[in-house]
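Chains here go by letter, A, B, C, D, E, F, G and H, matching the order in which they are written, and residues are numbered from 1 within each.
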Amino acid sequence: MSDQTFVDVDVARIDDARLGRTGVPEVVYGAGKTADQTRLALRALYERNGFALATRVDPDEGAALARSLPEGVWNAPARAVRCGTLPASGRYIAVLCAGTSDLPVTEEAAFTLEAFGHTVVRRRDVGVAGIHRLFSDFAEVEACDVVIVVAGMEGALPSVVAGLVAAPVIAVPTSVGYGAAFEGLAALLGMLNACAPGIAVVNIDNGFGAAAMAHKIVRARHAGAVTA
Amino acid sequence: MSDQTFVDVDVARIDDARLGRTGVPEVVYGAGKTADQTRLALRALYERNGFALATRVDPDEGAALARSLPEGVWNAPARAVRCGTLPASGRYIAVLCAGTSDLPVTEEAAFTLEAFGHTVVRRRDVGVAGIHRLFSDFAEVEACDVVIVVAGMEGALPSVVAGLVAAPVIAVPTSVGYGAAFEGLAALLGMLNACAPGIAVVNIDNGFGAAAMAHKIVRARHAGAVTA
Amino acid sequence: MSDQTFVDVDVARIDDARLGRTGVPEVVYGAGKTADQTRLALRALYERNGFALATRVDPDEGAALARSLPEGVWNAPARAVRCGTLPASGRYIAVLCAGTSDLPVTEEAAFTLEAFGHTVVRRRDVGVAGIHRLFSDFAEVEACDVVIVVAGMEGALPSVVAGLVAAPVIAVPTSVGYGAAFEGLAALLGMLNACAPGIAVVNIDNGFGAAAMAHKIVRARHAGAVTA
Amino acid sequence: MSDQTFVDVDVARIDDARLGRTGVPEVVYGAGKTADQTRLALRALYERNGFALATRVDPDEGAALARSLPEGVWNAPARAVRCGTLPASGRYIAVLCAGTSDLPVTEEAAFTLEAFGHTVVRRRDVGVAGIHRLFSDFAEVEACDVVIVVAGMEGALPSVVAGLVAAPVIAVPTSVGYGAAFEGLAALLGMLNACAPGIAVVNIDNGFGAAAMAHKIVRARHAGAVTA
Amino acid sequence: MSDQTFVDVDVARIDDARLGRTGVPEVVYGAGKTADQTRLALRALYERNGFALATRVDPDEGAALARSLPEGVWNAPARAVRCGTLPASGRYIAVLCAGTSDLPVTEEAAFTLEAFGHTVVRRRDVGVAGIHRLFSDFAEVEACDVVIVVAGMEGALPSVVAGLVAAPVIAVPTSVGYGAAFEGLAALLGMLNACAPGIAVVNIDNGFGAAAMAHKIVRARHAGAVTA
Amino acid sequence: MSDQTFVDVDVARIDDARLGRTGVPEVVYGAGKTADQTRLALRALYERNGFALATRVDPDEGAALARSLPEGVWNAPARAVRCGTLPASGRYIAVLCAGTSDLPVTEEAAFTLEAFGHTVVRRRDVGVAGIHRLFSDFAEVEACDVVIVVAGMEGALPSVVAGLVAAPVIAVPTSVGYGAAFEGLAALLGMLNACAPGIAVVNIDNGFGAAAMAHKIVRARHAGAVTA
Amino acid sequence: MSDQTFVDVDVARIDDARLGRTGVPEVVYGAGKTADQTRLALRALYERNGFALATRVDPDEGAALARSLPEGVWNAPARAVRCGTLPASGRYIAVLCAGTSDLPVTEEAAFTLEAFGHTVVRRRDVGVAGIHRLFSDFAEVEACDVVIVVAGMEGALPSVVAGLVAAPVIAVPTSVGYGAAFEGLAALLGMLNACAPGIAVVNIDNGFGAAAMAHKIVRARHAGAVTA
Amino acid sequence: MSDQTFVDVDVARIDDARLGRTGVPEVVYGAGKTADQTRLALRALYERNGFALATRVDPDEGAALARSLPEGVWNAPARAVRCGTLPASGRYIAVLCAGTSDLPVTEEAAFTLEAFGHTVVRRRDVGVAGIHRLFSDFAEVEACDVVIVVAGMEGALPSVVAGLVAAPVIAVPTSVGYGAAFEGLAALLGMLNACAPGIAVVNIDNGFGAAAMAHKIVRARHAGAVTA
C-alpha cells in the first residue's frame, strides 16, 4: 500500500496520496481554519500533486490567499480557491439549479468540476414552478454524462429531471428557503424520497460533494475500462 | 346567534348548527368510536340537516353501519359512510394523485366532495417521475374551480400543477413511502415550501380536510356574491 | 402553449408568462439578491405585465429601490416593493392577526392583496387569550370572500375563526414566540391539526403565499364562471 | 425525616411514606407489570395508607384485579383500579375535554380526582370548532378551584379557557389525531405556547399527572393555611 | 359580560379587563415592540388597573422606559418593567434554580411574583450535582404555597423537589446548556416526564408564565373560598 | 417525444416508455398493492419491454405471483419478483454490507442489479468494528465500477470504503438498530456527513434505489460515449 | 497483527479474535436472526474462545437454544444466552435502576457482567421521586469500581448518583415511559446533559453496551498496569 | 457526611467538597458568567482545594483573568483557565481527533486532563477518510488507559478505534460540519449507535466531560484497590 502516506503540516495530517488512491485529491475544508492554515495545506498538496483546492474559504481572505499561491485562482461566488487544474477529461457534466438563490452552491459544484478538468453545462433558475423553462434547451443537458441538480425549498426538481434523462442524477439540497424549509431539511427529505429512480443525494449545500461524486463517475469511464 | 345550538348525544355534544353557520356540516370522525357511537351521531345530524357523513370508519363495520341508517352509503376505499347528499352545486373539482398507493386518501376527498354535491374530475398515478402522464388530458383539469393534489414520498406534484393552472391548489401530503418519508413528513414539508404560488396545505392523509376547504371555496362562489 | 415563454435576465430566467397562465404573476423573492438583481427582475416583469412585486426586500434598500422604478411603492412593515397594481377586483378579503408581533407577516399579506387589486379588512391583536376582542366587530369579517388568519405561538386562532365563518380560511403560522415555539413549528402543527374544517395552511411567515392563494380563489370567482 | 421509609415488595421498593411527605400517595404505574406485581404493590400501599391506586392497568385484567383487593373498584374507561378513597375534600375541580376521543385520558383524571376525595365537574366535547358549546353552561366551571383541560389535535382549548376563568388551568395534551399531530406533539407544543397566562402543562395523555397537580393545589388550600 | 372590554392603542387591542376576569392582568410582551409601543400599552393598562407590567424589554431601553412611566421600576436581570404593584397577598412562593446561569429566568419569575404582591423565597445554585445544597435550609421552602423550580441542562431538579414537598411544583425549563440541550428541549422533556407527581410545566425560559400560574393558585386561595 | 407514452391498467397509469427514455424501466412498488394489481402491472411492462420487476412484494404471495408470470422469478430475501432480465452488461458492481441484519436490503440491491444484467461482487458482515474483515479480499471490490455500501446503526462503513477506492460509492442506510438509531436516521445522517468525498446517499432501506443509480452509471459507460 | 482473523459462518463473518484484540468478545446480536443462525455463531465463538454470549434472543426460542449448546444458560428477563463465563475478575460493579419497568435492560447489563466474570451489586426502584430509597444502603454501591445507572422517563438518576460517588458512572436511558418520553429520547437527552461530571452514556436500552464499557474499565485495572 | 459542605459566593453556592466526595472538583462553567463571577468562584475553590479550573471562558477575558489569580494559566484553544494542577497520576490518556476543526474540543479535553495530573497522548487529523493515518503510530495509543475520540460530521472514528484497542473509549461528538450535521446531532447519533462495544458518549462539544470521565476511570485505578 505505497499510496498510504501522509504529511504532517502544523496541526493537520495531510493525506497527500488520496488522489492516487481514490481519484479525488484531499481538498482543504476552509471553514474554521485561518488563512495561514489553509495556505499551508494548499501548498503541501500542490507540491505533491501539482494541484490543490480549498472550499468554504472566508470571502474576505480568498483573493489575497489565491494571489499568494502558485497558479492560485479565487472564485468569489463559489468561495473556493484552486491552484492549477487536473488534466482535461473531455467529459460534460450538467449543473442545474432551481432558483437564483441556489447559485453559491451551484458555483461550488461547477468550479470544482472545472478544476477537476471537466466541461460544465449550466442551467439556472429552471425550477418546477415554470417547468417549461427547463424543457426549452434540454438536449445539451440530456447529452451529459452526469446531471447535478441543485435546489432548495421543496427540492422537487431532481425528480422531474431524473424522469427525463438517461444519465445518473446527483441531487444537492440547499438551505435556501425559510420557515418549514428548516435550513434545507425539506429539500433533503424530498430528494431522498424522489419517486424517479436513478437519483442519489449529498449533504445540504454540498456542491463540492456532488462534484466529487460526478468526478469519480466520469473519471472511471474516461480512464478506460476499470474492470478490464 | 340563533345558529349556535347543539345536541348532547351520549358522550358527544353535536354541533348540529355548524352547516348553517359555516357551510360545512359537523362530520363524524369515526376513529376511536364504536359503531354505536358513530350511528348515534350520524342519526342526530341527519335528523337536523337531512345529511350526515362519517370518515375513518372501521372497515369491518362500515357496510353494516350504512345499512342501518337512512340513505346510508358505504364507500370502502374512502372508509366513509354518508346519509344523503347535499344539493348538487354544478361545480367541478379536480382530484389528482401521484401514485396508486395514494388512492385511499384520494377517495376520501372525492367521496366527501360528491357527498357535498360537487362533480369530481379524477386523475390517478400522474406523479412527476413521468410527468407527461399529467399533461396528456389536462384541459379538463384546467377547467376546474379548485384542484386537489394528493401525493406522498417527496410530494412534488402540487408545485408542478400550481405552475400550470389558474385554479387554487389544495395539497394533501400522504403517509405513503418509507424511511426518510417519515410517515408523510417529507411530503408535508415539500408542499409547505412549494415554490409555485397559489398552494395551501392540509394535514397528512387528510382527504376530508381538502374536500371541506374546496367546498367552502366553491360554495361561496356558487351561492352568488358573498360580499355583495 | 403560447403562454410558456421566459426572459433571461442576468442569472435569472424570468417566467414572465406566469400571470397569464396561472393568474399569479412571478413575484421576485428578494432574499439573497442584491438590489440590482431585484431591480432588473422587477423591470423585466413590469415591462411585460405592467405590474411587478418583490417581497423580502432588504429594509435598508427598499425605499431607494422603489424610487428607481416606474410606479414604485415601498412598504416598510411588509418589506415589499410594488410597481403598479393589478386591476381592482371589487372583492374583500379579511386579514386577522393574533398579536402585534405578527404584523410584518400580516402586512406582507395585506400589501400583496392590495397590489393584486383587492380590498383588505384588517383585524389586529384579536388572539384567543381575549377572544371577545374578535367578536366585537365581526360582521365585516364574516362578509369577506376569504379570511386569512395570521398567528404565532400556539396558533389557535384559525380554528376558532373557521368554526364561525362560511368563507374558507387560510392559516399563516408565524415564527413569533420563543422556547417551544421552535421558530413557528408549534403554530404550524397546531394549524395543520385544526379541528374545524375549511382551513388550509401555508409556510411559516409566508404572508405572500396566503395572499396568492386568496387571490386565486377570488380571481376565479370574479372572472365569472371558470367551469362554464 | 421519619417520613422517609420504604417497603421492598418483590422487585419494587414501595415509597409508602410519600402520602405523608408530599400529600400524593405513591401510585402504581401498571404498564409493564403483571397483574400479580400490581396486586402486591397495591396491597402494600393499602395496608400502610388505607388507600391505593393503580393506573394504566391491562383492560383484560382490571376487573379481576379489583375483585381480589379490599375495597377494589375498576374503572374501565380510565383503565384504573382503586382501593378505598381519600377523605372527601369538599373541593370542586373541572375536567373539560375537546372531543369524545379524549375520554380515556379525561376519565383517568376524573377517576383519580374522585379517588383523592374531590368533586369533579365534567364538560365533554366542547372543542373550539364550536366554541359556543363551551359557553352554554360555563358558570359551574368558573366556580371550580382548578380547571383541567384535555385536548388532542391542535390543543387550542386551554388558551381559550384560561382567558376566561380565574382558576389555574392544567393542560393535558392527548395523542388523539393523526399525521402532523405526531402522537400528541402538536397539542403539547400548542399548550406550552398558550398565549393566555395561568396555564401549566403535563405529559401527553397524562390524566393522572393533571389530577395529582390539581390535588396538590386544592389540598394545601383545604388543609388550611400552609404558610401560616 | 361587562368584563369583556378592550382599548385600541396604536396597533394593539389591549384586553384591559383581563385582570378582573381572570385575576391576571394583560402583561405587555416587549419582544419585537419599540419602546414607544411598550410605553403606550403600559400606560393604557396602568390607567385602567393602577398596575402594569412588561417583560422581555430591550435591556438598552428598560431604565429610560421605567423613568418615563408613573411608579415605573426597571429590573435589569429580569429584563422587566413594572408600574406599581398589586396588593400584598401575604403568601409565600419559593423560586429555586439549579445553576447561576438560570438567574435571568429565575428573576423574571421572582420579579413578576413580587409585582403581583407575593413574598418570594429564593434558592439559587442548588442543582442535583450537589444535592445536599438543596437540603441545607429547606424548611422555609417546604412552608411555601407553591414551589417554582427553574433548571436547564437535564432539568432534573423538579423531580427531586416534588418528591420532597407537599406544595405543587411548577417546573420551568431554561435554554441554559449546549449541544444536546437543544436550546432547552432536553430540560423540557425531562420535566414533562418527571416521575414524581405534582409537577406541571411551562414553556422554556418562561419565568413569567410560572409566576402567573403560581399567582392564580394562591390568589384563589387568598381570596377565600372560590367554590363556596 | 415519441418515448412519452403510457398505458392505463386498472387504477395505475404505467409509464411503459421509461426504459427507453431514462434507461431504467418503471419498476412496480408492491407495498400497498394486491397481488392482482402487481400482476397486472408486471404483465403490462413485460409485454412492452420483455422485462419487468417488482419490489416490496408481500412474502406470502411472492412465490405464487412469480409462477403466474412469464419468466417469473421470486427472490425471498429481497422480497422481489422479476420477469426476464435485461441484457448482460459485462460490468461488475460491488455490494457490501456491515452486518448480517442488513441482508434484506443488500439482496434487494443485488437482485435488482442482476436483473438489470450486471455481475455483483458481494461482501457481507464487514462492519467497522472489525475492519480487517473488509481488507482481507478487497482487490476484487476495488476493481468494480461502482461500490454500493449498505449499513445500519452508525453507518460508518461508506466513509471508510470511499477513502480506499477509486469507484463512486452509493451509500444505503438501513433501519437496522434500536434506540437512538431512530429507524435509520442515525445511519442516514452519518452517510450524508461522510468526510470522504465521492459518496452519494439514497433513502433508508432503499436497496432498489441504489441499484438503479449504479445501473445508470455503468449503463452510460457500457453503451459507449454518451457525450461523443 | 496475528489477532486479526475471522471465520465465515453462513452469512456472517465472525470476528473471533476480537476478545484477544479488545478484551470484549464478539457478541451475537440476536435481533433479526433465526435461532439457527444464532446457534451457529455462538458455537463458532465458543470453539475459539471457550465462551460465547447472545443478546436480544427471541423469548420463545431462548430456553431451547441454550439447551442445544455446551454450557448454555438462558436468562429470560435479560433475553440473553451464554455459553460458559469468562474467568472471575474479583471486581464489583453496581447496577442501579430507577423503576421496576427498567428491569429488562438492567438484567441485560447484569447478566452480561456476570458472564464476563464480575460481581454485580444490584439496586432496583430507587428513582428520584423518593430519593431516600437510594441513600438507605449506599455504602456498598460507593465501594464499586463502576456504577451503571439505568433509567427511563426523565432519566435524572445518573446526575444524582454521579454527584455522590467517586466511581465513573455509565448511564443507560431506557424506552420506559410514554408521550413526551419519545421512546427514550427524553432520558437520553437528560443523561447527555447531566450537570454532574463523570458520566458517559450509551444507546437507549443498551444494557449490554454499558456492561461492555464497564468490563473494559475494570479489566484493564484487573490485568495490572496497562501503561507500565 | 462531613464532605457535604458548600460556600455561598455571590449568586453561586460552591460545592467545594465535591473533589473529596467524588474525585472531580467542582469546575466553573464560564458561559454566561462575568469575569468577576468566574474569578470569585475560582478563588473560593482554589482556597479550599489548592486547585481550580474554569471552562468556556470568554476568549477576550481569559488572559487577564488568569493573570489575576494565583498559579493562573490561560489556554486559548481550550478557552480554559486553571489555578494549579492536581498531583501527577503517572497515567496516560489518549486524545484523538478526526479533523483539525475539532481542535478546540480536543484541547478542552487535553488541558483538563493535564490539569488533573495526567499525561496526554495526542493524535490529530486521523479521520476515517484516510484511515492509514491512524494506524501509522498506533502503539502508543494502544498503551493508554483510556482513549478519548473527538469527531464531528459523521462521527465514525470511535467505532473504528474501539474495534482495535483494549482500553475503554469515550466518544465526543462535535458540532463541526454543516447541513445535515445538524450542529453535532449526526455525530452524536453515530456514536451512540457504534457497532463496536466498549464506547460511551458525552454531550456534543463536551471535551471537559470526556476528561472528567477519563479521570474518574484512571483515578480509581491509580489510587489502588477501590473495592478492597
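Just so we're on the same page, contacts are C-beta pairs under 8 Å (C-beta built on N, C-alpha and C of every residue); 3 or more make two chains touch, one makes a residue touch a chain.
Bear in mind that the values here come from a model prediction, so they are computed numbers and not experimental data.
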item: Touching chain A and also chain D, the following chains; value: B, C
item: Common touching chains of chain G and chain F; value: H
item: Chain of greatest Cα-centre distance to chain D; value: A
item: Interchain centroid distance [CA atoms averaged], chain C/chain E, Å; value: 36
item: Chain centre separation in whole Å, for chain F relative to chain C (CA means); value: 44
item: Separation of mean Cα positions, chain H and chain C [Å, integer]; value: 51
item: Sites on chain C at which at least two other chains make contact; value: 18, 99, 129-130, 162-164, 179-181, 185, 188, 192-193, 196-197, 203-204
item: Chains that touch, pairwise; value: A-B, A-C, A-F, A-H, B-C, B-D, B-F, C-D, C-E, D-E, D-G, E-G, E-H, F-G, F-H, G-H
item: Chain D partner contacts - residues on chain E that touch it in the complex; value: 18, 21-24, 27, 90-92, 143-145, 162-170, 188, 192-193, 196-204, 208-210, 212-213, 215-217, 219-221, 226-227
item: Partner chain F, residues of chain H touching it in the complex; value: 98-99, 127-131, 153-156, 159-160, 162-164, 177, 179-182, 185-187, 189-197
item: Chain B partner contacts - residues on chain D that touch it in the complex; value: 99-101, 103, 124-126, 129-130, 132-133, 136, 176, 178-181
item: Complex contact set, residues of chain B against chain D; value: 1, 4, 6, 11-13, 15, 18, 26, 29, 31-33, 37, 173, 175, 183-185, 188, 203-206
